[in-house]
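Each of the two complexes below includes subunit A, the first together with subunit B, the second together with subunit C.
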Partner chain A sequence: MENLQSLLHGFTIAITVPHLTLMVVGVLLGILVGVLPGLGAPNGVSLLLPLTFGMQPVSAIILLSSMYWGALFGGSVTSILFNIPGEPSSVATTFDGYPMARDGRPTTALATAFGSAAFGALVGVILITFLASWVAQVALAFGPPEYFAVYFLAFASFIGMGGAAPIKTLVALAIGFAIAAIGIDTVSGSVRLTMGIDELVKGVSFVVAVMGLFGIGELLIAVEEEFHARAVSSRVDWKEVFRALGRLPHHGVALLRSAAIGCWMGITPGGPTAASFMSYGIAKRFSRNGSRFGTGEAEGIVAPETADHAAGTSALLPMLSLGIPGSATAAVMMGGLMIWGLNPGPMLFVDQKDFVWGLIASMYVGNIVAVVLVLLTVPVFAALMRIPFAVIAPLIVIICVVGAYSVSNSYLDIVLMLGFGVFGYLFKKLHYPLAPLVLAIVIGDKAEDAFRQAMLMSKGSLGIFFANRLVTTLVLAGIALLLLPLALQIVRLLRKTDEAAHEKVRII
Partner chain B sequence: MISRRALEITAAALTGIFGVAVIVSSIDNGIGWSSAGVDAGTFPFLTGVIIVLGSLYNLGQGALGRGTLAIVRTAVTSSELRRLAGLFVPAAIFVAVIPLVGMYLASAGYVFAVLAFPRRQSVLRALVIAAATPLALYVVFERMFQVSLPHGALATAFGF
Partner chain C sequence: MKIVSKLLLSTTLLLLGGALPATAAWKPQKPIEFVATAGPGGGTDNLARAVQSIITKYKLTDQPVVVVNKGGGSGAEGYVYGKASAGDPYKVIFGTSNAWQQPLVSKVAFNYTDLTPIAAMAQDEFLLWVKQDAPYKTAGDFLKAAAASEFKMGGAQSKDTDEVLTRMIEKVAKVRFTYIPFKSGAEAAVQLAGGHIDAHVNNPSESLGQWRGSTQRPLCAFSAKRLPQGPKVTTSEGWSDVPTCVEQGLAISQYEQPRTVWLPGKVSPEQTAFYVDLMKQVQATPEWKEYIEKTSQVDTFLTGKAFDDFIKQDLEHVKQVAGEQGWLVK
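Presenting the complex of A and B:
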């Protein structure tokens, strides 16, 4: 077990007082950027980067990666408390996290989210420790057809799970694809769907759409219903935090399945966002409590959070071993690596053993530090729910406005965000599902690019999606997931049990 | 009061118009197969067609009063509408004045207006929150993360 020995050596590097201090600082800053919408891990990491130039590479990467962990945790906070996802990957957390918090259980929701996130991250790191070389090979096997197949799989696992009218779902999905296409087309370089507005060339950012659709839309629904958050007990209830953590093992199957989905999507470049959506969709389909998803089910928080963090962690592996950054944050960190005089890629594992294993060991320690710190902050965040709605409503509007602006310093984004808010309200009111719309905005153009590149490779033949074992398996799994609800419905019709039809399904 | 039917028709009309705009705009990009592979406009064109067809279906369902929500006749009552306007109108005014007076002044004014005028909070408390908001924004965004928020035409005129 050469890996294990190297890891132990890594721990001796990571567990020193200066490095632990760096982790605490990094995690706290990360939580801050994660909580503030519009700022994210990429912002935080790029701002800290100049500070690290004088540091040892190991110390520098520990600081930056700790910030990344903190931001991943912090992103879930606003999703759960205010229905405003700070990052694309925490959208799926809003589906059950927000109803649970609104129901007067913000502490439980936050603790469940952080606990399962920590589990996902841990599985991701273990995977990195033991399968580094194997994983690198898998990532290399991915070309455009495989990319498309992975996105297709994510869509397939998510479509048709809500209780919404099928045509409304279809319209919502298509609108999402169209919004994703706005701006410069990455394959041909031509400008699409700007409707004569030059500023739209940069495209419509996901953050802008989500803040309007979820944040402002939900706010409008809330005032209309004269909503008052159910009174949260005023004292800090530490027992509730531990009770929520203690209940996590009951969701063992969901935890393991979501971690597996997350790791798989992190290594294959599907990414954390696709992973969390897919994990939520699959959990809803296979869970005993599936019909109650969307009303504040703990499992509906466990599934996306675990997958998100498992994917976020394992996505760092391609960066280290292949020099392919899996996310914007990883790209900034890779820039850092080069500035510190290291070359990301296969040789890193040979030349810079101390650096690589110090980093991997710091992932274990850093995640533990992050989860402890973030659990300590739960009561603080839960207390936000006690602020009267009349005060919190304008503050949420301001946060959404500032968040939309800071994405690309554009006033147009603020106006668009407000427009999305009206649409979000209208859609929610009329039971158009928002989840497929958002999923299409986030990964729609990537899926399209992958499809078109695959078509270029095969000169227009769809056969390329069945050209090798990997892509065929992915495509078939996707088709199976698409057809599954249909098949189940036929079975149900044959059995003539109409109970299901009377169940109240929340549309997400 | 707004009836469910009117709201369904409005939504379907809006999505339909968006679909038509997508179709028209994507035909300019070219659709189909060319030497450079699948043309840039092809996918948006297809999504546009789906949006238009789906919207027509939803429009029909809405106008005939059919569909999943057919039992609900009223979508928004007049008191609900008043509450909605109470949130949205100030928010829209806030967004509209940002280019003029900048984010800081606009947010302070917005918070003060929605807190003090409906008499939900005492004037003093509203003042404190109104002053704290831009200050917090300034410290976190402008200072800590060096994200410049819009200062507005007014600030430019005064030479900031």
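Presenting the complex of A and C:
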């Protein structure tokens, strides 16, 4: 009840003309940086940060968090239209969003994505509102073994899905881990796998890898197949936006499950990327239409988008209450908080009530503003699909090159990105799945750090993964998810009802 | 838009990189790039951005200043970039003591001698932190308990300042710790609050919020005298109430982490002088004082020979610890 009162007070701060204006500006800027891959939310927020130094902290955070919402929404646009994920967390959206858009339904794909994203975000904010103090306590229970168990769970829920042979999944994972290992190793402090290239000490940026693997890789395939049909005659239809939104409740189960996964991964250190992958994997396994995932199934968009935004929103909570940022953008905002003279941490909720509750209220309002604005842009973005392939292809190359370069102003990244493009093409041609590779690149080194930290703590005994109830449950859940496909296959073999392998399964 | 201007900027930098007049009083003729050897939000990044905003506010130079983050590889990315930009006075590298410490312990492709030192601008202090409800009142209690069982000490990165200090405590107090490296001090602070580790040696700003929120408290400060008096952190205590470690019988009289500023190698003395002077002007502003106070650092300004001597002294010291631990490369 007390929270509710504070929230109402927060609304009186958030809903004022200057603050609403800031939200609109922030969201629009956010959509812009979200749509341009490589710029992304963290960079956008850090570019804007110096402008906020003269502002009231609460106005400043409203501007920055609105930009964050805008960027989260905008990041899905290029994933769906061009198969180029602007943020690590929108990779899973490409799996079904892109095929759907390519089939001539970009409006439906975008509207479905935005609608479910808004739902996920709202669930995340509601969680923050009512469970703030409890959530902070939960996050504290996570030490290195628990971190590792969460990552393990994410990997486990994703393995064995997709149409690829298990051994190919394993190969893709292994390559991903190797790429994640490049650079300085946190635990030993030594330089690994730089292969004589000094600059590689910084490691391989996720954005660079993904833009090559997905953007350029897909482009090469398209060029080969002479994909003339690419210029889809999609009607720009407002009704379609509402129809897509109206169909969302049909995916109620998926929405709720994905929001739950998202919130859970946002509070625990898994983060939005792991959340969206895990949600997609689980949806594929448990959905009635699971076998059609990867061909443009609406539920395959709903699952990752809802989880991504639920996690992205709830990830702000550990930042405020504990001072640990749950995402790169949250880290930038935390830097901002310190510059504005606020100290993130347990006392923020006590000392800076106006700030905290103004921010939480602005999350409600900001998300609504964001979803309205972004839905307004759907027809514009969908119209991009009507541009002939011959025009759009060079544009995609330019976007990828500029995006890769702007990650850290490095030419090496452009070369790497193009290399990854060839790699992505080969993967597709040879029917190797890209998703496990990407997952391993994104959370592989974190999983490795957590595992080795746990091993340091236990002096090499694996018993630490069964040392308390939390970590045991997580590990057992992971093992269960890992064995489930195997068990199902055995059951199927026993029944001898060998359904002819689905021809249409798209390898992701 | 932003990307385009970034691109334009870097093309201009490339085109103009070679031809630079080295006149008596050198002045920058084009935009200046501040390279923070840390990710956005890190301590070094905050310093670079604070300096940038002061320079912009007081118009200390006519040219715009942009901050870029090159924090990969524990900062090595930024230093390698600095090395590769030899002769370019439009790149200012912001770092810490890892400019000379990192090359000692890992095979990174730079050394601090590849850069031109400008100044050490602020010193971050180190404290010994334990969980709020831990039974130890003093560093002495803590070390007594640590002698009985092997404690887990967390810290940022491996073989970096935090681990060096941990190993120094081991040697002085004759105890053994299991050192667990995390990505940052903030991460170590949360691990301590959750009770997953027994202690860490964070800088004041890294654990300020945690102290205020009563999840952890400092036992002692690794400095020669008590920290300067500031506003109270908790209801009853402030930084100046924390005893020094020497007072508590842990004989490490001084351990600090300087925030350092560099130019690439092969720049002219006039160019170096310009930036030394620029940093001096920054330091004279009230905003700088505010930044120092907010981040609970100690204001210093070492340049020229004083800075060189400081590096040499610190290097000797780290070499010794690293040698004993078998960390030295080559």
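Criterion: the second predicted complex is superposed on the first by the 497 of 508 C-alpha atoms of A that agree within 3 Å, B and C clash if a C-alpha of one lies under 4 Å from a C-alpha of the other, contacts with A are read in each partner's own complex, and residues count from 1 in each chain.
As a convention for this text, a residue touches a chain if its C-beta (ideal position, glycine included) is under 8 Å from a C-beta of that chain, and two chains touch if they have at least 3 such contacts.
Here the structure is a predicted model, which means the values were calculated and not measured.
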Open item on the list: After the superposition on A, what does A:Leu140 contact: first (subunit B), second (subunit C), both or neither?
Closed with: second
Open item on the list: For A:Pro379 in the superposed arrangement: first (subunit B), second (subunit C), both or neither?
Closed with: neither
- [ ] Identify the partner contact of A:Gly290: answer first if only subunit B is touched, second if only subunit C is, both if each is, neither if none is.
- [x] neither
Open item on the list: According to the stated criteria, A:Leu456 is in contact with first (subunit B), second (subunit C), both, or neither; which is it?
Closed with: both
Open item on the list: Once chain A of both complexes is superposed, is A:Val401 in touch with subunit B (first), subunit C (second), both, or neither?
Closed with: first
TODO: Look at A:Leu430 in the shared chain and tell me whether it touches subunit B only, subunit C only, both, or neither; answer first, second, both or neither.
DONE: first
Task: Touched partner set for A:Leu49, first subunit B, second subunit C, both or neither - done: second
Task: subunit B versus subunit C as contact partner of A:Gly104, first or second or both or neither - done: neither
Open item on the list: Output check: A:Gly335 vs subunit B and subunit C. Expected answer is one of first, second, both, neither. What do you get?
Closed with: second
Open item on the list: Let me check the overlay on chain A: which residues of subunit A are in contact with subunit B and also with subunit C?
Closed with: 33, 36, 38-39, 44, 47, 185, 187-188, 190, 402, 405-406, 409, 453, 456
Task: Complex contacts: residues of subunit A adjacent to subunit C - done: 33, 36, 38-39, 42, 44-47, 49-50, 53, 139-144, 183-191, 198-199, 201-203, 322-325, 328, 331-336, 338-339, 341, 343-348, 351, 402-403, 405-406, 408-409, 449, 453, 456-457, 459
Open item on the list: Considering only the defined contacts, which subunit A positions touch subunit B in the complex?
Closed with: 32-33, 36, 38-39, 43-44, 47, 164-165, 167-168, 170-171, 174-175, 177-178, 181, 185, 187-188, 190, 192-195, 216, 219-220, 223-224, 226, 388, 390-391, 393-395, 397-398, 401-402, 405-406, 409, 411, 414-415, 418, 422-423, 425-427, 429-432, 448, 451-453, 455-456, 460
Task: Residue ranges of subunit C touching subunit A (in the complex, touch as defined) - done: 2-3, 6-7, 10, 39-42, 45-46, 49-50, 52-53, 56, 68-70, 72-74, 76-77, 80-81, 84, 105-110, 152, 157-160, 178-183, 186-187, 189-191, 193-197, 205, 208-210, 212-215, 294-295, 327
Open item on the list: Can you tell me which positions in subunit B touch subunit A when the two form their complex?
Closed with: 7-8, 10-11, 14-15, 18-19, 21-22, 25-26, 29, 33, 36-41, 43-44, 47-48, 50-51, 54-55, 57-58, 61, 67-69, 75-76, 80, 83-84, 86-88, 90-92, 94-95, 98-99, 103, 107, 110-111, 114-115, 118, 120-121, 129, 133, 137, 140-141, 145-150
